[in-house]
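First the structure, which I've put down as structure tokens, then a few questions once you've had a look.
Order of writing sets the chain letters: A, B, C, D, E, F, G and H. Residues in each chain are counted from 1.
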Amino acid sequence: MTEEIIIAGFGGQGVLSMGKILAYSGIMQDQEVAWMPSYGPEMRGGTANVTVILSDERISSPILNQFDTAIILNQQSMDKFEKAVKPGGILLYDPNGITRHPSRTDISIYRVQAAEAATAMGSAKTFNMIVLGAFLKLKPIVKMENVEKGLTKSLPARHHKSIPMNMEAVAKGLEIVEKV
Amino acid sequence: MTEEIIIAGFGGQGVLSMGKILAYSGIMQDQEVAWMPSYGPEMRGGTANVTVILSDERISSPILNQFDTAIILNQQSMDKFEKAVKPGGILLYDPNGITRHPSRTDISIYRVQAAEAATAMGSAKTFNMIVLGAFLKLKPIVKMENVEKGLTKSLPARHHKSIPMNMEAVAKGLEIVEKV
Amino acid sequence: MAKITGDIVIDIEKCKGCEVCNTACPQEVIGMSKEVNSKGYNYAIKVNGNCVGCANCAVVCPDGVITVYRAKV
Amino acid sequence: MAKITGDIVIDIEKCKGCEVCNTACPQEVIGMSKEVNSKGYNYAIKVNGNCVGCANCAVVCPDGVITVYRAKV
Amino acid sequence: MKELKLMKGNEAFAEAVIRAGVDGYFGYPITPQSEVLEYLMAQKPYERTGMVVLQAESEVAAINMVYGGAACGKKVVTSSSSPGISLKQEGISYIAGAELPALILNVVRGGPGLGTIQPSQSDYFQSTKGGGHGDYRLIVLAPASVQEMADFAGLGFDLAFKYRTPVLILSDGVIGQMMEKVELNPQVKRRSDEEVAAECPWATTGRPKNGPRRIITSLELDSAKQEIHNMKLQAKYKEMQENEVRFETFDTEDADYLLVAYGSSARICQKAVQIARKKGIKVGLLRPITLFPYPTEAISKLASQVKGILSVEMSAGQMVEDVRLAVNGRVKVEHFGRYGGIVPTPDEVVKALETKIIGG
Amino acid sequence: MKELKLMKGNEAFAEAVIRAGVDGYFGYPITPQSEVLEYLMAQKPYERTGMVVLQAESEVAAINMVYGGAACGKKVVTSSSSPGISLKQEGISYIAGAELPALILNVVRGGPGLGTIQPSQSDYFQSTKGGGHGDYRLIVLAPASVQEMADFAGLGFDLAFKYRTPVLILSDGVIGQMMEKVELNPQVKRRSDEEVAAECPWATTGRPKNGPRRIITSLELDSAKQEIHNMKLQAKYKEMQENEVRFETFDTEDADYLLVAYGSSARICQKAVQIARKKGIKVGLLRPITLFPYPTEAISKLASQVKGILSVEMSAGQMVEDVRLAVNGRVKVEHFGRYGGIVPTPDEVVKALETKIIGG
Amino acid sequence: MTETFDKPEIRTPENLVYSKTKVLTDNVLSYCPGCGHGTAHRLVAEVIDEMGIQNDTIGVAPVGCSVLAYNFFDIDMQQAAHGRAPALATAIKRLYPGKFVFTYQGDGDLAAIGTAETIHACNRGENIVIIFINNGIYGMTGGQMAPTTLPGMPTSTSPYGRDTHIMGNPLKMTEIVATLPGTYMVTRQAVHTPAAVRKAKKAIRMAFENQKLDKGVSFVEIVSNCNSGWKLSPVKANEWMVNNMFPFYQLGDIKMNGELVK
Amino acid sequence: MTETFDKPEIRTPENLVYSKTKVLTDNVLSYCPGCGHGTAHRLVAEVIDEMGIQNDTIGVAPVGCSVLAYNFFDIDMQQAAHGRAPALATAIKRLYPGKFVFTYQGDGDLAAIGTAETIHACNRGENIVIIFINNGIYGMTGGQMAPTTLPGMPTSTSPYGRDTHIMGNPLKMTEIVATLPGTYMVTRQAVHTPAAVRKAKKAIRMAFENQKLDKGVSFVEIVSNCNSGWKLSPVKANEWMVNNMFPFYQLGDIKMNGELVK
């Protein structure tokens, strides 16, 4: 199994750490993983994106132009990455702030109102975990227990108390993701 | 005709300018010339030497280890360059300050008491011209008129008044050089 | 005596929602929108009509997105 | 009262004839030789016996070629 | 005991440096390698091992700090990216000339000039042929994974001290910025001053009471001696060529065609080999791990077996010269590259193989 | 009207620079090329032509002054010797990246490090393969006489402006320090600001009233655009390879063997050819005048004629790689060199030819 | 529709009191929200506009967040290698003494890697303007320590705060260059409030005016926020700046008309 | 035989008042006759000898006439790239805080190409000694203008005298580094007379003593002649120095115990 994912959004949306948790979760179930961020000043204010690959084999190139799944969290990223989903692949997005919705018909499109749900949950910080949950509903490539382990590994000890809240957010995402 | 000469002595003895006058004299009679000094801090206080080549053909290498003539003006230079004279070549030296006199038998050895003569002439500055005269006696490779022209070319205009004195010194050198 | 009134025009697409103008306005004219622009910023908006056209907001706006008018009325 | 006398030893092979010692000597002990050493320098020599061993010459000699002795006699 | 982590290449390098018992790091920020210094500073290595970590005022200062530290026998390292490495060229030449062991990491970005901060492999010539002046060579190691970013810290110092030579790790933005699993070696104790003095009798650690003083210099005004010094350096480089060549091959046993690629290009080529083989093209990959000394002989041998060779680099064609020198005209050698920060895809590589080598 | 003088190579270069109508010189002293700045300062060029001559605080500052001046469309030049040239590598890469015309003189001394101030040719790789980072090339001219030190000042600027590229004159201590006869071109008038603006519409001479502003930069954060920029540079280098190769041959018509040598080595080899021919060895000499673009084709052609080729350089063997790339395995290619400031004699060259090529 | 508070009736050309100068292009600034670079750019552009020297000015952009300054000024510009802007400016001005030449540099650029170029251009008295944006950090590369970082201030390369014993004290390059005979005007300004902006603009204007007099360097430091690097909101960053940067980097003129201000 | 004026009777070990320190090797100094470098070397060597730290001192030679200093000091030494000695010393001292570390640099090395390294090592307060030989010229390379060359002074690259309008004013690096908190002691000395030599030695001794206190940089400038570069005899060069250099580079302490001397 190899799953090639792009996660793309604004700088502050927790895109990179979401990717990191996914990667850690992969490690917890003994997979090979690669996490490749966009970097440099383009991140400033603007978009941030990260490629995450989970695989049972050694990963060759961490730089991809085509993805099994694109998780898209703002309009710029939609413009850039809708076309990068492999035919038959998945595009998951949060419609908040999206002005031009995805139009491809050869891929499966899902949406998750994560921003809204995060506000409802009273913590903007859970946003990316809700998105992660939504993704895992569509592609259950890592077991929930490994997500929790991955969270533990990726968060500094002082943040461990927030793990239950994060797992709750993941659960929320599983619940609210919807097919377009 | 090609004449390859090394002139070697102390920094202050006018070694470089003597070579330059010789080179200019060569130019005056339409020869190819090369003038290659030793350079860098080794000159500081220590020795200075210059290779001068006059030739009717294009000069290939200005860096030589063997010379037709060596003009040697201090002990260090004697130690270094006596052995660099081609068999059958000429070694001309001023015995002033020389503690180990040349001993080769396969070359012709001449001496010129130029320092002494310069003192006698009342101008230490004529020293190198006396040596040049001595050399030209042994190897009349440039005509006297071309030496004078060479001097004119190589000296800045403000020093042109010293040309007669310099030509006198050359004449002196022609006169006092002696075979050892 | 003539009263001074003013108005500002905010280029909301270029506004980055930094709130620096907001802090600088003596008349508390400027607030931040709930909406985001296409860059994702909660841009500056006018929240009242008290502008006197002092240009403070425009002068401190790092992105130069405010145009100011002033008139005696 | 004991008189102070001194003597210096000049390493003439290392001397570069700069005359700095000469200028520094209060007793005018030092002059320059007519001869040159193997480096071609007119080295420093003593020209009288008036040395008092004050070490001024040694202290300023850039090449550290002077050794100084001082004694009460 | 090895420890498993998910880390960026830059961080893995920094952590491995601490664990290798390195004594000092001197660097200046530049994308895409600033994480090295940032990670080190965050780790308080002065508490962990007593390691000195200093942000220098410039790359020039940093490389000369490395010179100073290396000349004392200490294990010292610097890192930068392309423009910063260019600034270090004089210092690198000095370190090579003075025969000092030191480690330099270049996380390459696209040039020339300020260029782009995106990954590239366009510093191959600079690294392998001598970007600085004079006849010298660096040992050049090309990691292709985060794991190797960690491993080459230790290997780099081993080689640096074995040959008293600067070692350059030629990485790139992909390897530096990506996170992968990495197994870290346990902490090695830093050598005590006494151990350094004993291991490095040439080092300036304070003149021994019963021995001559030590001088670290690259100057020799006597040309005859300087030539002997140069010959000594050349002999050392020859020795490296005999003993230190490292490379990996994939699917070369039955290959009709050969890809040669290093670093992140090699990873892409590995996938390209899989894709091509699925298409029925028998292609193999040789990945040089040392770029100097170069696996000339291994390529030369394969040149007798294959029908054509494609050198794949994220550059306009630099390593291809070394491939050609190894092949010496026996089979066709072509270059394929993307550049300016663009990373080629495996598919592009296969296509280039088909058009430039097989069809060409 | 030409003027005949006896001058050092460095002085001839400086005088030729003034006469070529150059606008600015920026340099820092270093042996064996300090005469360039000294000569310029003595000439009061600000009186002669209005030329700006400035002693910079360092080589790094000097090369960046060159960048600034070149970016204004002015003819600007710097000179240094090996360690100083290493310090300029970042700046050179920037100049190449920003496509600026500029002239750089390297009067090479032996390295690595501080090395020796005596002549050497050990900066060949640095000059021809790119000592700085990123994919770029310099046009490299190798003078072999004082006359060429003068001539290449003009030629260098012609090429620099033709291609908007930095041109490097790769000289050495022999050519820089020796005096020979030199015929100097008459003074060319410096271009007026208006002429510069007209000739160099890309230059930052003050935004035109009726046209867009000009930007001189080597930065491009968009990789796609940066790749296009890189391709443009590569296309330019290819054009140079097609149009600008310069070389000389001596006695190659009937040659059984070939010497390849540049700069002062070429002069020595000319004498070696004479000596060898007296001995009955039919040997010729090819002297590359441009080291980039390299006379690959000319050597390739001669490789079909001769039985063996000896590359003679005052280095441990750098240019020999380009000779081998040209020959591509067809005949034996060996290297002979002295280094560390030692200049080989013609006899040594003949002997090396006999042992390494004819007997070997 | 919500209320807009617009007063279209007064939006006439006569009533226009402030609009973006044409010497700034329409490109969106690449700076973070609230970053002082934008304001500083605008002031320089306004001065160029008001002096009517848009066609006679050549600017030099540094390496730092303002590396792309050339995208924002509608004038001829060069982009310098990190720290070397004063070297470029030296050559430009000497080759075109009639043009106005300025550099625009950050604190890492000017006071770390560019120390020598800064000091020597100032010492030679190059007849240029240097605009020096001191935000106490390397903004561009992600918030590393700069020579100007305050004692105790955390950055990505001094995560536990700048330890002056190990990392040295913040360097006041402005005070140093003021001691050099080659500088004619040296001042420290800020752009966080309308009053500060107006003062800063006057200083920049004077700096450019000085360039006509051939008296040497006019050096304008602008203490500015790097809210991203400081990890504060723009407004909080400005407050932090007032409370922490200003006591150390005191605003005001340091040298005027070639004389140190006492 | 001529008279020798020798007094062999008093040449006994007890009467020995001055002889070359053993911390200088027996190699003939490579300096020109009368060059102050020799004297400065000797003083540093004597201090090392007297403090008994020959085995605990690591010196850094520059590029300049004193590049070969490592041939003359009988201690472990490194030879730095031009201008970078303070960078080397920084690393050495941080890696061996227990050793004594000093750089020995000329004015071209320290105040031109090495400006940044000098300022930043001083600003970081590296616990080292810097010996700065200011002879107003580049001696090694044949007498080119240095940043310290006096106004009007002819050199091979200012043959008509330094024109300060074009070439800038002489740079007083010593005064600059004195303003930095990282320097603990900054002084300017000379070695042309016995009294000056004795004073200079005291300063050098204090500088090395300071290094034990971990207080930062001790910086000793020595104004010296370069008679070759100045084209004067050594004695005339010293006179010229007194008359021309000293008025500009005034001798004396500039900073002691971390406090500027008023």
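Observations on the model:
Note that in this section contacts are C-beta pairs under 8 Å (C-beta built on N, C-alpha and C of every residue); 3 or more make two chains touch, one makes a residue touch a chain.
Remember, it's a predicted structure, so these values are computed and weren't measured experimentally.
With every chain reduced to the mean of its CA atoms, the largest distance from chain E is reached by D. Across every pairing of chains, the maximum count of C-beta contacts belongs to E-F. Chain C and chain D, compared by their mean Cα positions, are separated by 86 Å. Here the spacing of chain B and chain C, counted between their Cα centres, is 87 Å. Chain D and chain H, compared by their mean Cα positions, are separated by 24 Å.
Between chain D and chain E the centroid-to-centroid distance comes to 59 Å (mean Cα coordinates, whole Å). Among the residues of chain B, those in touch with two or more other chains are 40-41, 45. Across the assembly, chain E contributes residues 31, 54, 57-58, 60, 83, 90, 94, 98, 113-114, 117-118, 217-219, 221 that each touch 2 or more other chains. Of all residues in chain D, those touching 2 or more other chains are 16, listed in ascending order.
By the touch criterion stated above, chain B contacts chain D in their complex at residues 10, 45-46, 74-75, 97, 99. The touching residues of chain D, counted against chain H in their complex, run 5-7, 9, 14, 16-20, 22-24, 29, 41, 46-49, 51, 53-56, 58-71, 73. Those residues of chain E that touch chain F in the shared complex are 60, 82-87, 89-90, 93-98, 108, 110-118, 120, 122-123, 125-126, 129-136, 217-230, 233-234, 315-316, 318, 321, 324-325, 327-330, 338-342. Across the complex, chain F meets chain B through its residues 4, 6, 31-32, 117-119, 173-174, 177-181, 264, 267-271, 274, 343, 345-346.
Per the touch definition, chain H reaches chain F in the complex via residues 63, 67, 79, 81-83, 108, 112-113, 115, 138, 141-142, 144-145, 147, 156-160, 166-167.
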